[in-house]
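What follows is a pair of complexes built around subunit A, which joins subunit B in one and subunit C in the other.
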Partner chain A sequence: MLFTFINSLTLGMAVFLIATGLTLIFGIMRILNFAHGACFMMGAYISSTILGDMPGSVWALIGAALVSGLVVGVFGLIVQHVVLARLHGQDEHFSLIATYAVMLVTAGAIKMVWGLEFHSVDPPPGLDGGVSIFGTFVPSFSLFIIAAGIAVFLILDYVIHRSWGGKLAVAIARDGWTSSLMGINAPLGISVVVTGSFALAGLAGGLLLPNQTLSPVLGDTFLLLAFITIVIGGLGNIRGAFIAALLLAVIDGINAWFLPGSPGTLIYLGMVTCLLLWPNGILGESRL
Partner chain B sequence: MFNRRQFLMTGTAAAAATVAMPAVLRAQSGPIRIGVITTLTGPGQLYGQYIKDGCELGAAAVNAAGGVNGQQIELVVRDDKNSPDGALAAFRELTGDGVKLFAQGTFTANILATLPLLAENDVTMAVVGASSLAITHQNFTRNMFRLGYSAPMCFGGYGYLMADKFPEVAKWSVLRTDVQALKDITDAFQNGAQKKAKEAGREVSFNEPILAPVNAPDFRNQISQVSNSGADGLFNCLQGADAISYYKQARSFELDKRFKLLCDSANELSIAKALGKNMLDSIWSWTAWYPQGAKDNPVSDALHKAFVALRNDQYPNWYVGVAHDCIQTLAQGYAKAKSTASADLIPAIEGLSFQGAVGTVAFRQEDHSFAGDLTYIRFGRSEKSESGWEVFETAGLPGADFLEPATPGRPLN
Partner chain C sequence: MSTALAERHTGREQALSRVQINRALIALAALIVLLMPFLVNSGLLYLVGVTLVLAVYSVGWNVLFSWAGLASFGSGGLFCIGAYVAALAIRAGWGEHFLPVIALATLAGALVALLVGLVALRRMSGIFLAILTLSLAELLRHVLMRVRWLGSEDGIPNITRPVLSFGFFDIDLSSGSAYYWFLCVASAILLGICWWLAHGPFGRRLLAVRHDIERASFIGIDVHRSRLVAFVVSGAIAGCAGALYAPWAQIVTPDLAGMVKSTQPILFTLLGGLHSFWGPVVGAFAFMAIDYFTRTLIGIQEVITGGILLVVILVFRSGIAGGWNALLDGALARRGLDRALARQEAR
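For the complex of A and B:
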């Protein structure tokens, strides 16, 4: 039971790591970014290029993930100026199609640079084994993912709700026009948040790299679960996404324990139930 | 000098001669066009690319040897966009353009979309690799030749071989996704193992299959179930990236030490190429083409060299060999029939038997099934190898011994 719970919590935190960027960009721009999975994949490939097959240490893995986040963040800045900024004020459907196009271009570029073959990067020394918790074997890398998810949540929650920068971003998200009247550089604020959103996708790709197989479909693996998480939690709401990720973990654990012959079924049932109970998500839609 | 009347008469006669010229003569004046429909986008792209490479190398080999009946082969490659609709659109485009010879792979659903149209379009098709029973049973059409390995043949043989080589494995666990084709594979493996055990007066039992979602990010719950199953042997039927993620995540559980025997369905060396120095100790897999184990086959050897020159990869996927042989099948059939009309080409291919990269290529007349040699390889971690892994041994079986009965037009009972 404990083992199943920790496995499911690992999945929940992995999905949360990816969902953060997705919900952040929705919070500031009201865009469902279809390119997010491709950016996650890009981050994973960049990290693998930096690390090779075997990271030297945990810090090397984290360092490579941060570099990946930086590179993907710069890519996000370019996408913001070349694509998204031009669609500001347009119907949301244009943005959806635009991010879908960015996804196709990004995935195509990844195939051209890294090829179609499967690649694998191992966990660094120290995270490649397991530990015993109350007599239950738990993989060390699972604990790393859980810790990374909680750390990212705490940092983001502090930045958004406690820091000046976060408060400015919230102000821009809620009313960009009035914020501009107050002297806030709204376009700059939007660019910073979009860059951060893409950077989070790249960071997640780097951190989760030893858990997954690198292939051109890696982005699709998590994207659907990430969308489910932000819909359940409330679009644009980081706290909601975190709670939804925990809920996802619990539902997945129940599924694995009681319905092992129908893997993944209860997640969709859970989403339907949550939407019936809370049509706008558990914590409601939010502008950050 | 032509006067106007002479000019008109000469021009009219020339135009009439062009129109009246037999179609076959016009066709023979240019290259033979073979349509290749495969998956070049989406999750199957990796395998589609191998099929494309194999077809191109097959055509290049034929052309380098002087072509067929003095004509060169020209491939016209189209993407099925990983969907039956995409396959159908590509098929209609190419048949509309006069293409009569086809090679098509990767996924069964896409092939089933085009099969009903072969006869009415006078098309002859070589199916590349797809293993579904429907192709040669309930959806059979005489215009199709399946150069692929049916589940009862290659996985029935697989189970039989494992039960023969490892009598100490009495209980099996099976892991797969909830997909009919994979159920067919695991059922065939189970039947083969139980058949051999019965012959030897032993018993082999199989646990209920453990199911995993397709394209899942995490398999630890399934790994836990497998580890606690109490089985001696594990047959993994996850495919592609799912399989490799599964082996990666299972590494910390020391899966290879919990089981006496690990068997993978058909991911063959893609597992080792991805896992490298962290490869499992030892695992078996089926493969349709392992060129390093077929050095005595000059066709295989030549194809392997050509592939290495093309991709700088010593370990091509088996689709390359099968796709190469599909083009050879169509070319040799055309050489014999001297016509692309299916009425001439089908009997010609039915009578073929030639040395291909995957061994002797011949088709059962009743349902155009291929009954080639079956190859199984055992590979794993190796300190001696720079790549961190090596192939330890190969084993073979005659496919004809395991090919299911022919029931063209009807499902297999």
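For the complex of A and C:
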């Protein structure tokens, strides 16, 4: 029971790690970023190239994740300038399809660079074992992901709701034109947030790398789960995404407990129910 | 006064001739498609047939998008439902009554679209609708992958091509080219229905709704009902296209409900030409050509597809059809100008 729960919570936090970037970019630009899953994958591949099959230590894993976050962030900055900025303020369907195109390009480039073979990376020493909680064996890597999810949530929540820069970003998201009248450099702010969003995708890719089978379809599965999470939580709302990720963990736990033969079914069912009950998400839509 | 009249006259002449040129091109393309079994080998013929089905399916999607302004990201699910209904019916031995089977699949697509539309359309549009339809299709895919009766992940293979029975005479569709021609006829009928819907009063109502919901409702258009009907029609066409696809491919798999199938009409429409009736058809065949020529280049195929899509969205919004029309208009205007100048000099 506890084992199932921890497993589901790990999935929930993993999805949350990916969903943070998605909800950030939605908050600032009202864009649903289809390319996010591919960027997550790019981060994972970059990390695996840095680390090899056997990461040296926990810090090497985190370091590699930060580097891939940086690289993917720079990629995001390029995408923002070349594609997204030009579509800002136009029909939302165009940016939706544009991010889909970016996803195709990214996924194709990943296949060209890293090939179609499956890779796998072991957890680093220190995280490859397990600990015993109330007599249940819990993989320590699961605990690492849960801790990472909570840490990222706390940091982002602080940055967005408490820090000066976060408040500037919120102002730009609410009304870019008025905030530019106040002397805020709105285009710069948007670029920073978009870069941050892509960097979070890369970071998530690096952190979640061990125990995953790296293949070109990795991004799609997580992308859809992350979409569901941010929609249930309320688009653009970090706290909502966190709550929705917890909810997703609970639903997945119930699914694993009662319907072990069909993983994932209840999540989609629950998501559809949630959307119909609260079309704007649990905490409502928010502009950051 | 007389020159103005003359200008107007030549203007009308040009507009007419552009339509005429395009009509001639469509007729030529239709003729080439019809003669395909004599021109290419069976592998390529299969590809053309699939593209034909997908083109019809995309036109159905585009009626929803370009006319009603609603973007569904889950139309693959409806396509999949149609394909599974047809596959099951043929497996159950109803193959002789293929036309009723198609009608059944069409009805299934329409019914599911009606259910989804009834619940979803009043509350949401834009991104929320996109996500909802996307995850509904994904839910369907997950369920199909688990139901053993429907072949789980392997789907239903070995679907026999049916025999059309009209009571007093039968048409055997078991050979590749016979079924191909059946596909051509069915596609033509479906395209005709779509054309009639899009260009009749219903299409105009939808356009009004897309341009301005409030004004449309002020002049007495039932916005919700128009959108719902468009959603159902699009679902019916997706279901019908699925039913046509199943015996042609001879296998149906849960992947038909996946994101790739759902986004295909979007790509086709965008490349072919947004807000153009024939756009998705042009786009479907253009994508078929790209896929065919890059099929051995893993990775590059997606980069090229994505790259083209980006170029279309960023610089070339009206797609191939729009670009072609602009080109044609330019050429015709130049010719008209030349002729007018020549006439003036002669005078």
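Remarks
The working rule: the second predicted complex is superposed on the first by the 288 of 288 C-alpha atoms of A that agree within 3 Å, B and C clash if a C-alpha of one lies under 4 Å from a C-alpha of the other, contacts with A are read in each partner's own complex, and residues count from 1 in each chain.
The working rule: a residue touches a chain if its C-beta (ideal position, glycine included) is under 8 Å from a C-beta of that chain, and two chains touch if they have at least 3 such contacts.
This is a predicted model, so every value here is computed, not measured.
Overlap between subunit B and subunit C is detected when the two structures are superposed via subunit A. When the two complexes are overlaid on their common chain A, residue A:D220 makes contact with subunit B and with subunit C alike.
Contacts of A:D128 after superposition on the shared chain: subunit B is touched, whereas subunit C is not.
Once the two complexes are overlaid on the shared chain, A:L116 sits against subunit B and subunit C alike.
In the superposition on chain A, A:N33 makes contact with neither subunit B nor subunit C.
In the superposition on chain A, A:S47 makes contact with neither subunit B nor subunit C.
Applying the stated contact rule after C-alpha superposition, one finds that A:T229 touches neither subunit B nor subunit C. Contacts of A:A98 after superposition: subunit C is touched, whereas subunit B is not reached.
Stretch 37-45 of subunit C is the one among 37-45, 127-135, 217-225 or 325-333 that clashes with subunit B after the shared chain A is superposed. Counting contacts by the rule stated earlier, residues 111, 116, 220, 261-262, 264 of subunit A appear in both its interface with subunit B and its interface with subunit C. The residues of subunit A lying in touch with subunit C in their complex are 30, 32, 83, 86-87, 92-94, 96-98, 100-113, 116, 220, 224, 227-228, 231, 235, 261-262, 264-265, 268-269, 271-272, 275-276, 279-280. Residues 42-43, 45-46, 49, 178, 208, 210-213, 215-218, 220-222, 224-225, 240-242, 244-245, 248-249, 251-253, 270, 273-278 of subunit B are the ones that touch subunit A when the two sit in their complex. Within the complex, the subunit A residues that touch subunit B are 3-4, 7-8, 10-11, 14-15, 53-54, 111, 116-120, 122-123, 128-130, 137, 139-142, 210-213, 215-218, 220-222, 225, 252, 256, 260-264. Of all residues in subunit C, only 65, 71, 119-120, 123-124, 126-128, 130-132, 134-136, 138-139, 142-143, 146, 259, 263, 266, 270, 298-307, 309-310, 313-314 touch subunit A in the complex they form.
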